[in-house]
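In what follows, structures are represented as structure tokens.
Common to both upcoming complexes is chain A, partnered first by chain B, then by chain C.
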Partner chain A sequence: MAVAALEQEILSLRKHRQLYSLIGLLLVVAVLVSGYSKANSMNSGGFLQGLSKFFDYPGEIVAEAIDAGPAFFGQILHFLPAMMETLNIALVATLLGGAGAVVLAMASTRNVDSWGPLIPVVRRIMDVMRAFPELIIALFLIFVLGSSPVPAMIAVAFHTAGALGKLFSEVNDNIDRKPIEGLSACGANWLQRIRFAVLPQVAPNYLSYFLLRLEINVRASAILGFVGAGGIGQELRRTIGWGKGAGDETAAIFVLLFITIMIIDQLSSWLRGRLVGSSRAH
Partner chain B sequence: MTTDTLEPTVTLNTVWPKIRRRAWLTVLVPCTVLLYLAYTWFAFDITGLLAKARPDRAAILATDSVAYKVQVEKNFRSDTFEVAIEGERTATYDNTDLPDWIDLSGDNAVVDLGEGYEIEIDGKTALFTIPNFGVIRGTATETGVETKLPEGPVPDWVKVDPRKLEVRPTIDRRLQITKTKIEVHNYFAGWENFWFPFRSPLYGMSFSELYALALNADRIDPDYSNLWFVVEEFLSNPDWQHGAVLTALFETIMMAVLGTLTAALFGLPLAFLAARNFTPSLVLRFGTRRLFDFLRGIDMLIWSLIFIRAFGLGPLTGALAIAFTDTGSLGKLFSEALENIDNRQVEGVRATGANQLQRYRFGVIPQILPVFVSQVLYYLESNTRSATVIGALGAGGIGLLLVETMKTSRDWENTSYIIILTIVVVILMDQMSSWLRRKLIEGR
Partner chain C sequence: MIQFRNVSKSFGARTAVNGISFGIDKPQMVGVIGRSGAGKSTLLRMINRLTPATSGQILFGDRDILSLKGAMMRRWQRDCAMVFQQFNLVPRLDVVTNVMLGRLNGHGTLKSLFNVFAEDDVRDALAALDRLGIAQEATKRAEELSGGQQQRVAIARALMQTPYMILADEPIASLDPMNAKIVMDALREIHERDGKMVICNLHTLDTARSYCDRVIGMRDGVLVFDGKPEELTTQAAREIYGADESFNEAATSTAIDAGAPGRSRSAGAMSPAAVAV
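For the complex of A and B:
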């Protein structure tokens, strides 16, 4: 009897579950279908007309790149300094943001004996820092400081501090407290405990997240260049603005950007694999 | 399991090199970082930048975004006297119904700016009484402006020029005289005409009045119900364009949601093709992985530029750019998750006689579902931010609106309004996705 009741219950639970899954699935499909039809009508060019034109632009710039012949490789080299500038923006922003994130993380984790009342405050601050879209800070700073890489750098660093701070404090949550207790038994103060008990444990994970962020920030700085923050993005905006005739330069920038992003991706995933073991690298 | 009976002996010779290496590292790494930062200081020309910086612009933006001015203008050329909010033609007061701090008599006026500051306009002359300073007298002539200041040094808030006089003793009171006009600006805190335009019959009504009006049967406009009229007046406010801003926000959210969902739907099946334990064919696996790398490597920036060319401005363009990039990123993440699944569950399902499809459904999917859901939600929230940037590149939505309002650099309160709305939306998406993540993965 009891078994039959149990079976009945399981069956009804399963039915509920299936119903929920079905509703969820239908919801997703409905959002997709209605969203795309709405998006299609709101777009200035429709999907179907656009589809035929989709390869026109890539085709055009590829053709111009082929026309340029061997000079095309010269153009890639020509844009290398701009690419370096973008990389510099990303690296400085990640370094500064990462440094800020370490401070924020150490101030917001109970596990490393942060000062109690500060923890929720710092966590909320990090939430707000993460939520600020880079674009807004960059545009505001470009307005005040003028067109230069620095606004992009500050904008990316601000966001990075919040995003990495959260990840770092999650790492802090999972460390072993024994070294901390050992050090406090020796009379070490808080900074000494952080330096000798916490940092050695978290360093590999911190570095791994740092590299992941660097990867994301290279992309972000390239995009911010397009709204006036210097680097490869600004060059791209210039060549695209020229329209026809500058297609080979645009293609050169695309190729350079693609190669750089690939190299950084591969390098950072290889390094992360070495740091924390491939299974935890992502 | 083997046990090593020979413990490796630790001697000074094995330990010292390690300690020395570590010591070098602790010195070298910070030094390299500092050197690099010093190099970028010069590469970015920060010294020159600081010299060129315009902190006054930040101050203007800050004041303008929390305050608005009412402009009193006496024009000699057209011989008119006008009081207007922000100097807009659409928000001009009727001269018989002026705010009570302006006392108009014929062609002359007394403007009371509060706290003892007062401006008397008499013909072509303006007398500005400033407490603890004295009276500044400016007269517009045929050729320029004649100024008479009290004795003593000229303070830096007075700009005397033969052609123009500008006096701004406090940030919220200002007098300008040129040969054609006298202009007085009085600043007030807040956002002007935020709810309804100046000319609207609803201007200046309180919420309770509006509520009563909305339920009232007497129609203001015979074609619409009152409730609809109120909504319509609010959305079509010409200064704030609430309707356009809300549409743009909606477009941005649409880009993020559609893009992420599409990427997830295409990324999942492709991930099976890229996972070692599901696709024995090396060629297929290699091809799919390179496809992921290609999609990710092209980057959202380039994808959106290509899509803008093909599909024009709008949410579809942004959605497709996000979908293309993230199919690569999500596909890679899913395939890694697939490679790490526990094969015993699949074998267990197989033992019951399940076919291929059933094995996937009951052996594999439940294992990767948490990864799937949490990653999709993470991407959804980060794509809300990306969508604002893609918009600024030209795909539309709130990003483009923001860039355009900033370019006109006239009404900064509009810019701050858009910024605040964007941040609110991003924070809401963030909260919603973490709430969903908690609900779906950790269970209620």
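For the complex of A and C:
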């Protein structure tokens, strides 16, 4: 009798779950349909009409690149300095942001004996730093400081400090406190405890996140060129703006971007694998 | 040397140490025994100031160590080295650096942040490791060593602090009997040869009898026994452990006690060869 009642209860529960799943699915479909209708009504050409011409522009670019012949490879080399400028923006910004993130993370984690009243303040500061995308900060800084890579560096570094600071503080939350206690018992001060008991524990994970952020920042720095921050993005905006006749240059920039980002992705994945692997191996 | 005057410590509603008063007048090797939760660790941690006392006084000479703050407190922490059950080393740092960290308090912050230790520090660290029979492990990471070796590194770090006393919080609780014997021999040797006061929390009665000059028994945060090891009778043990007639003292023994020379050792008898496993 009890088993029969249990069976009824389970069946009833299953029916409820199926009903909730169906309602959830319908909600998702409704959001997608209404979202598309709204977007399409605001698109001057209409999305579906534009979709049929989707491959026209890439086709033109590829055709012009083929027409350029061996000179196409010269175009790639021509844009190398601009690519280096973008990499420079990303690297400097990640280094500055990473250094700031270490300070913010150490000041915002109870597990490493940060000063209690400071913790919520620093956490809110990091929230604000993360809340503004690089593009918005860069637009503001370019308006104030003028078009150059410096506003882009500051913008990326600012966002990076907030984003990495959050990740670093989560790493801090998970460290073993025994070494900290061991050094406290020796009379070490807070900075000495951070240097010798915390940093050796968190360094592999910090570096791993740092490299991941470098990948993201290379892409972000390229995009910032579109708003006048220099580098490869600015060149891309120029060639796309010219339309026909500059397709080979556009293609060269795409190829250069693709190769560079692929190399950085592979390199950082390999390095991160080694770093995290080495910390887990011990 | 050190006086406890009505010292208490509460964690919320729970009282870990309840109005303890006693003194240690000369550099003895003192064993503190009692069940888990009796307040032994809290007692040691209050001396080192890792745990703040709720009330009372702990006097070292005429200095009230519970009132020390900032740099003075850290200086005191350097003077009363601690050895922990779980060693509390920095696992990813090499052994010799771990030992030199015992000198951090004597160095300027900026210098120490750049890992700048004097040649004397390196020499002293190696000498301390050699004394404990593990100098050959100096360049390995601490996490690569066995538990017994790590505890000896922790003792070497304590020696680097050139402390007045060593507080050992259950130093052999995580070790096998052979390593436990090596560690206890090392602590006894340091006490005898250097004349250091050693206060050692222990779980086993026979270890306390074999190695200590004086035994303090705690139960529910209160001192219930204070005497010489030979006065630690089965009846006294029953009172410390809150056990009835069925209390089996052998249950608190380990193989270490069978062959422990303990207090019969002559000072300076420990050599690297003697402690090597």
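The definition used in the following text is that the second predicted complex is superposed on the first by the 257 of 282 C-alpha atoms of A that agree within 3 Å, B and C clash if a C-alpha of one lies under 4 Å from a C-alpha of the other, contacts with A are read in each partner's own complex, and residues count from 1 in each chain.
By our rule, contacts are C-beta pairs under 8 Å (C-beta built on N, C-alpha and C of every residue); 3 or more make two chains touch, one makes a residue touch a chain.
Please read all numbers here as calculations on a predicted model, not as lab measurements.
Measured by the number of chain A residues touched, the leading partner among chain B and chain C is B. In the superposed pair of complexes, A:179 makes contact with chain C only, with no contact to chain B.
When the two complexes are overlaid on their common chain A, residue A:191 makes contact with chain C while staying clear of chain B. Of the two partner chains placed around the shared chain by superposition, neither chain B nor chain C is touched by A:119. Of the two partner chains placed by the overlay, neither chain B nor chain C lies in contact with A:246.
Within the superposed three-chain model, A:153 lies in touch with chain B and out of touch with chain C [touch as defined at top]. Using the contact criterion defined above for the overlaid structures, shared-chain residue A:257 touches chain B, although it does not reach chain C. Of the two partner chains, neither chain B nor chain C is touched by A:207. In the superposition on chain A, A:68 contacts neither chain B nor chain C. Residues 279, 282 of chain A lie in contact with chain B in one complex and with chain C in the other. Here chain A touches chain C in the complex through residues 176, 178-179, 181-189, 191-192, 195-197, 200-201, 203, 279, 282, going by the rule given at the top. By the touch criterion given at the top, residues 33, 36-37, 40, 43-46, 49, 52-55, 57-58, 61, 251, 254-255, 257-258, 261-262, 265, 293, 296-302, 305-307, 309-317, 319, 333, 336, 340, 385, 388-389, 392-393, 399, 402-403, 406, 409, 419, 422-423, 426-427, 430 of chain B touch chain A in their complex.
On the chain C side of its complex with chain A, the touching residues are 48, 50, 71, 74-79, 81-82, 84, 86-93, 97, 101-102, 104-105, 109, 112-113, 115, 141, 143-144, 154, 157, 161.
Within the complex, the chain A residues that touch chain B are 28, 31-32, 35-36, 38-40, 42-47, 50-51, 53-54, 56-58, 85, 88, 91-92, 95, 127-128, 130-136, 139-140, 143-146, 148-150, 153, 219-220, 222-224, 226-227, 233, 236, 240, 254, 257-258, 261-262, 265, 279, 282.
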